[in-house]
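Each structure below is given as structure tokens.
You will see two complexes here that share chain A, one where it goes with chain B and one where it goes with chain C.
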Partner chain A sequence: MLTTILDIVIGGLITGGIYALIAVGLSLQYGVGRVLNVSHGEFIMIGAFATYSLYVLFGISPLLSLVICGPFLFILGFLIHRTLFQRLRDTSESIDVFEGNSLLASFGVLFIIQNLALIIWKANIRGYTYLVYPVNIFGATFTTNRLIVLLFAVVISLGFYIFLTRTRLGKAIRAAAQDPTTAALSGVNIKQVLAICFGLGALMAGFAGPLISMIYQITPTMGMEYTIIAIIVVVLGGLGSITGSLIGGFILGLIGSIVTHFDPGLSLVAYYVIFILLLLVRPTGIMGK
Partner chain B sequence: MKKKLLLIPLALLLALSLVAIGCPTPPEETTPPTTAPPTTPAPPAKDEIVLGQAIALSGPYTIGAGVTQVAPNDMWIEEVNAEGGIYVEEYGKKLPLRLIRYDDTSDVGTQVKLTEKLILEDKVDFILGPWSTAMWFAIAPTVNEYKYPVIAPTVDSLQLREMWEEIPYLFIHLNQPKEKAEAMVDMALDLGVETMVAGHLQDLHGIEYAQGVVPQLAAAGVEVLAYKSFPIGVKDLTPMLKEFKSLNPDAAFIFAYPDENFLITAQSIEVGFNPKLFFCSIGIAFSPYREIFGAETVEGMMGAGAWHPSAPYTGAKEFWDRMTAWSGPGGTDWLGNAYCYSAVQVLQQAIEGAGTLDRVKVRDYIASATFDTVIGPVYYEKQLNMQVPGHVGQWQNGEFHIVAAKELATADIIYPKPAWPTP
Partner chain C sequence: MDIIGGIFKRFRVPRLIILILLILLATLPLYAPGYTVILLTAILMYIILTVSWTIFSGPTRYISLASAAFFGVGVYTMAILGKALPLAAIISIGALVSFILALFIGFLTLRLRGMYFIIFTFGISELIKHSLLWWETNMTGTVGRWVVRVDHDQVYYIMLAIFVVLMLTAYFIRHSRFGLALKSIGQSEEAAAHRGINVTLVKVVAFAISALFMGAAGAIMATRWAYIDPRIAFNPLLSFMPVMMAIFGGMGQLYGPVIGAAVFTYLAEILMTRFAYYYMLIFGSVLVLAILYLPNGLIGLLQKWRKRGTAEQQAST
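Let's look at the complex of A and B:
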């Protein structure tokens, strides 16, 4: 019994941890910056492929790749926001118009990144095996790589939560999420904060990508699948609520794991049932106000 | 404001889902235009044969299309042109090939429009065709309307096969689920399998294939201990595999696509599920499968359909040497590459044999002749290729050998499957 519960809970947290990471990234970009970044999955893909290449070509540990990919994608995200999305924001008549424009622009980013990846890595399935030693936890067996993914997802999520709640920049981000105009009036450099938010979203993708590549096979076209999951979790958690996305990710993973235990055929159905129920009962999401 | 904000992502989510699964085209767009089909008078002068292909160069089908079909098509064109082209008797000379290729973005509606564009605007001589069952299904009415013979090496459908009389210009080249299933049942019974578990993807491929195998094995006395299904996009199947392991079956049959089959392999290693016969249908024959897990790990794993360069067919070994050099050892598909290459070999031999670019004559030639290809002597009955190099393959020493049907085998079956290597 204990073994079964551990199987379900740990299994759910592993998937949930990845969901939480990718959703937090999108939540920052959409919840705060109002950019529904449909190329979010492509940033994850870059992280995954960079990790794969570094490991296969140079033997660099995927865990080390986390600290390479994360900052690299942060800079990339920051620059894309400053050059592309900030300009769109400045030239759009209203925030609603900006949302539409930025969505189209992020589709463009999606196709550019995906096609570049297809040129670099070719249309092929890639992957590697890394730390597949089985670990026994009170009778429940997991491979080391999956447990490491869980550990890193939790540590990164917690670290990020502390950053948001305890640091000055974190407060500025939360202020910008609640009301960008008032935040700007209170002395927050809103342009800088929005670009940092977009960069931090990409940073999260840069963390999720290497972790995903450790346990799943990867392709240059894998991004959309993760973008869709991220959107579900963001709405589930409540728009603009980063804590909501974190919790939403883990909840979705756990629900998937419980349902899969009884009938794997219903796992994705369960996601959408929860999604619809929540929208009916609490349309603002778990943590939305 | 909040409600409005919620509506936007919901609408977008729906739009994204549609993009991801490939938007179905409204019926009026899939129906070919009612303009009269162009007749095909031989043009006065001809310096080249123009081939058209709309295929996935972006979107979710890109990987399958790229690994399986695009590479052998491109290699063939280069080879033919290096020889000066295809000899066409009515012109009394060799005509080099020129390919016009478009990206169907993995979208069925786009595929149909581009195929019509290739026919009506680009006026190509022949069509090489798309990747995947859904795409072939979608263009079947179009190619028939305009009388373009196509040889489909990447289609797997009972329905399309039953429509053969209505679609005389579409030739199904790949071996089909019914025959593959029969060979698998015979193989399992020969090996003395007494208990089994099965899992299938909740889509046409998974359902049709599983229904061809599982009830037959059950009827033959094999005890089915578990029969599960799972959805596309599933990310964790360890609960199912742990249950399978606890049942300790002789055999496991999984009917799914590469994403799920790669996941099941990784997670079977994780939970230590290692039945004596382990079969996963699609993607096992991909070299990337061996590259990712390692030759030692995949030893004994079985997959759907099989071809091997040591099979006694003209040019098989030479073809594989060239294909491996072309795509790299980690970029080939041990099954699909040979099928896709043999499909264009058929087209080439049909043009040469008919001595014309008249598509109606070429179609009739394909329907009646036998073609010497890397998968053996191909001929069609009711537009279905009757030549099959193998139904089940198995990884042995880093090569994907034919192990069933028995008379086609290039190696003996490894049974029981070796244990997963300790990391």
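Let's look at the complex of A and C:
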């Protein structure tokens, strides 16, 4: 009994940690930049495949890839925002129009990245084994790689939270999220902050990708699934709330783990049911005002 | 130039063009090769999805991503009833089921606006897809279903008929008090309510009417595909495409979404057959460029050209 519960809870925390990471990224991009970035999952996919290739071809440790993929995707995200979304923001007549246009533009980005990945890596399902030693926790068995993923997900999430609440740049980001106009008047370089936010969202994808590749199989078309989960978590936590996304990620991971224990086929259905009920009963999410 | 312009005005050329186009479309299977008929069926399908999406989402500015749900319900109606009933009856039932589903979703989503509405409509069609997927694997044991085959020309004619009825409906809605009510909801929902418009009813009815045509198109398209499963019938692309096509074409005029869908589908078809490998890459680039440089759609571009043309004319005289 205890073993089963431990199995479900720790399993749920592992997926939950990943969900939290990817949701924080999306939350930042939408909450501050108003870009519902549906290509978020493609950034995760780039991270996962880069890690795979580096490991299989050059034997570079997936944990080292975290430090390579993160910054690389940050720069990519920063540049995409600077060239594409900032321009859209300047030309759109209102923020609502911008939301619609940026949603469509990110679909374009999704198609481009996914197709490039299909050309480079083909449509095969891939995976590798890394640190799969069994570890016994009070009778429940887990492999080392899964526990490492949980550890890194928690550390990165906490680190990011501290960055947002304790640093000057974090303060500027939160100011821009609350009121871009006033933030700009108080000397925040809003264009820079928005691009940094989008880049940070991509950075989170760049951290999630390598971790996902360590414990799950990957394909070039895997992005959409993670984007959808990120959207569900962001709504669960409250649109734009970083803390909400972190907590929401772990909650959804636990729910998924419980449902999977009874019927693996129903976990996605359960996510959607929660999602829809939540939108109907409390659309502002758990942390929303 | 002036003489031609005069003729255009006097004989109401748009109507004449529409008539000629309709006659051409109606007689097409008599002389065109089979491939053209199939291609046009696909184009008509996307035009139907896009125009019916625009009926609701165009004036009200509520972006719905539930098109796949209504289309898929039509597809499954055909797959389940295919052998039991005549074609016309199944298509009507498919349309009706979509209509009722849209009424239901419409009443559920009344409180949601903006991004919440977009995400909700997307969620509901994904929920239907995954529930059906689970049901088919666990209860019926087979994920996919075979659909009765129907002659290509017949599919084409039914699609054309749905298209014509849809265009007439869209035209009448646009020029009616109902259409005005929809438009005023898009501009300001509070103001519309204060004016005595039953905002809820108007929104839900428009949403259901748009679903009606999507369901009908899904039912007949199922026979073209022959084999279907939940992933095909409720493909999220079926929700995204109409939005892109409508924006690509421009929603200011009734013919904007038609042209957008026609150009987009044709482009997609050509890209898919000629550059299968780079199809999505080119498609994505076109999409990004279109949003960056054609904010008002193709129609906006045409209108800009026309304005420039008349300005030059006036300058020269």
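One rule holds in what follows: the second predicted complex is superposed on the first by the 283 of 289 C-alpha atoms of A that agree within 3 Å, B and C clash if a C-alpha of one lies under 4 Å from a C-alpha of the other, contacts with A are read in each partner's own complex, and residues count from 1 in each chain.
Everything below uses one rule, namely that a residue touches a chain if its C-beta (ideal position, glycine included) is under 8 Å from a C-beta of that chain, and two chains touch if they have at least 3 such contacts.
On a predicted model such as this, the values are computed, not experimentally measured, just so you know.
*Asks:* Based on the shared chain A superposition, would you classify chain B and chain C as clashing or fitting together?
*Replies:* They clash: once the shared chain is superposed, the two partners overlap in space.
*Asks:* Just checking: does A:280 make contact with chain B only, chain C only, both, or neither of them? Give me first, second, both or neither.
*Replies:* second
*Asks:* Return first, second, both or neither, reflecting whether A:226 touches chain B, chain C, both chains, or no partner chain.
*Replies:* neither
*Asks:* Based on the superposed arrangement, let me know which partner A:272 touches: chain B (first), chain C (second), both, or neither?
*Replies:* A:272 contacts chain C only, not chain B.
*Asks:* On the A-aligned overlay, A:85 touches which partner chain: chain B = first, chain C = second, or both, or neither?
*Replies:* Neither partner.
*Asks:* Is A:105 touching anything from chain B or chain C once the two structures are fitted on A? First, second, both or neither.
*Replies:* The second partner, chain C, only.
*Asks:* Could you tell me if A:217 is touching chain B, chain C, both of them or neither one (first, second, both, neither)?
*Replies:* First partner only, chain B.
*Asks:* Kindly classify A:250 by the partners it touches after superposition: chain B alone (first), chain C alone (second), both, or neither?
*Replies:* Once the two structures are laid over each other on A, A:250 reaches no partner at all.
*Asks:* So, does A:116 touch the first partner chain B, the second partner chain C, both, or neither?
*Replies:* After superposing on A, A:116 lies in contact with chain C but is clear of chain B.
*Asks:* Spot which of chain B and chain C makes contact with more residues of chain A, would you?
*Replies:* With both complexes superposed on chain A, more residues of chain A are touched by B.
*Asks:* Considering only the touch criterion stated at the top, classify A:141 as touching first (chain B), second (chain C), both, or neither.
*Replies:* A:141 contacts chain B only, not chain C.
*Asks:* Superposing on chain A puts chain C and chain B in one frame; which of 2-10, 20-28, 110-118 or 164-172 is the clashing stretch?
*Replies:* 110-118
*Asks:* For chain A, which residues belong to both interfaces, chain B and chain C?
*Replies:* Of chain A, residues 30, 36, 99, 103, 111, 114-115, 118, 224, 228, 231-232, 235, 239, 265, 268-269, 279, 283 contact chain B in one complex and chain C in the other.
*Asks:* Tell me, which parts of chain A touch chain B in their complex?
*Replies:* Contact set of chain A toward chain B: 7-8, 11, 14-15, 30, 36, 38, 99, 103, 111, 114-115, 118, 122-129, 131-134, 141-143, 146, 215-217, 219-221, 224-225, 227-228, 231-232, 234-235, 239, 256-257, 260-261, 263-265, 267-269, 279, 283-284, 288.
*Asks:* Which of the residues in chain A come into contact with chain C in the complex?
*Replies:* Residues in contact with chain C: 30, 36, 84, 87-88, 91-92, 96, 99-101, 103-105, 107-112, 114-116, 118-119, 224, 228, 231-232, 235, 239, 265-266, 268-269, 272-273, 275-276, 279-280, 283.
*Asks:* Spell out the residues on chain C that touch chain A in their complex, using ranges where they run on.
*Replies:* Those residues of chain C that touch chain A are 61, 63, 108, 111-112, 114-116, 118-120, 123-124, 126-127, 130-131, 133-134, 137-138, 236, 240, 243-244, 247, 277-281, 283-288, 291-292, 295.
*Asks:* Touching residues of chain B toward chain A in the complex: what are they?
*Replies:* Spelled out, the residues of chain B in touch with chain A are 2-3, 5-6, 8-10, 12-13, 16-17, 19-20, 57-60, 62-63, 65-67, 70, 199, 202, 228-240, 242, 258-259, 262-263, 266, 269-272, 283, 286, 288-289, 291-294, 297, 330-331, 423.
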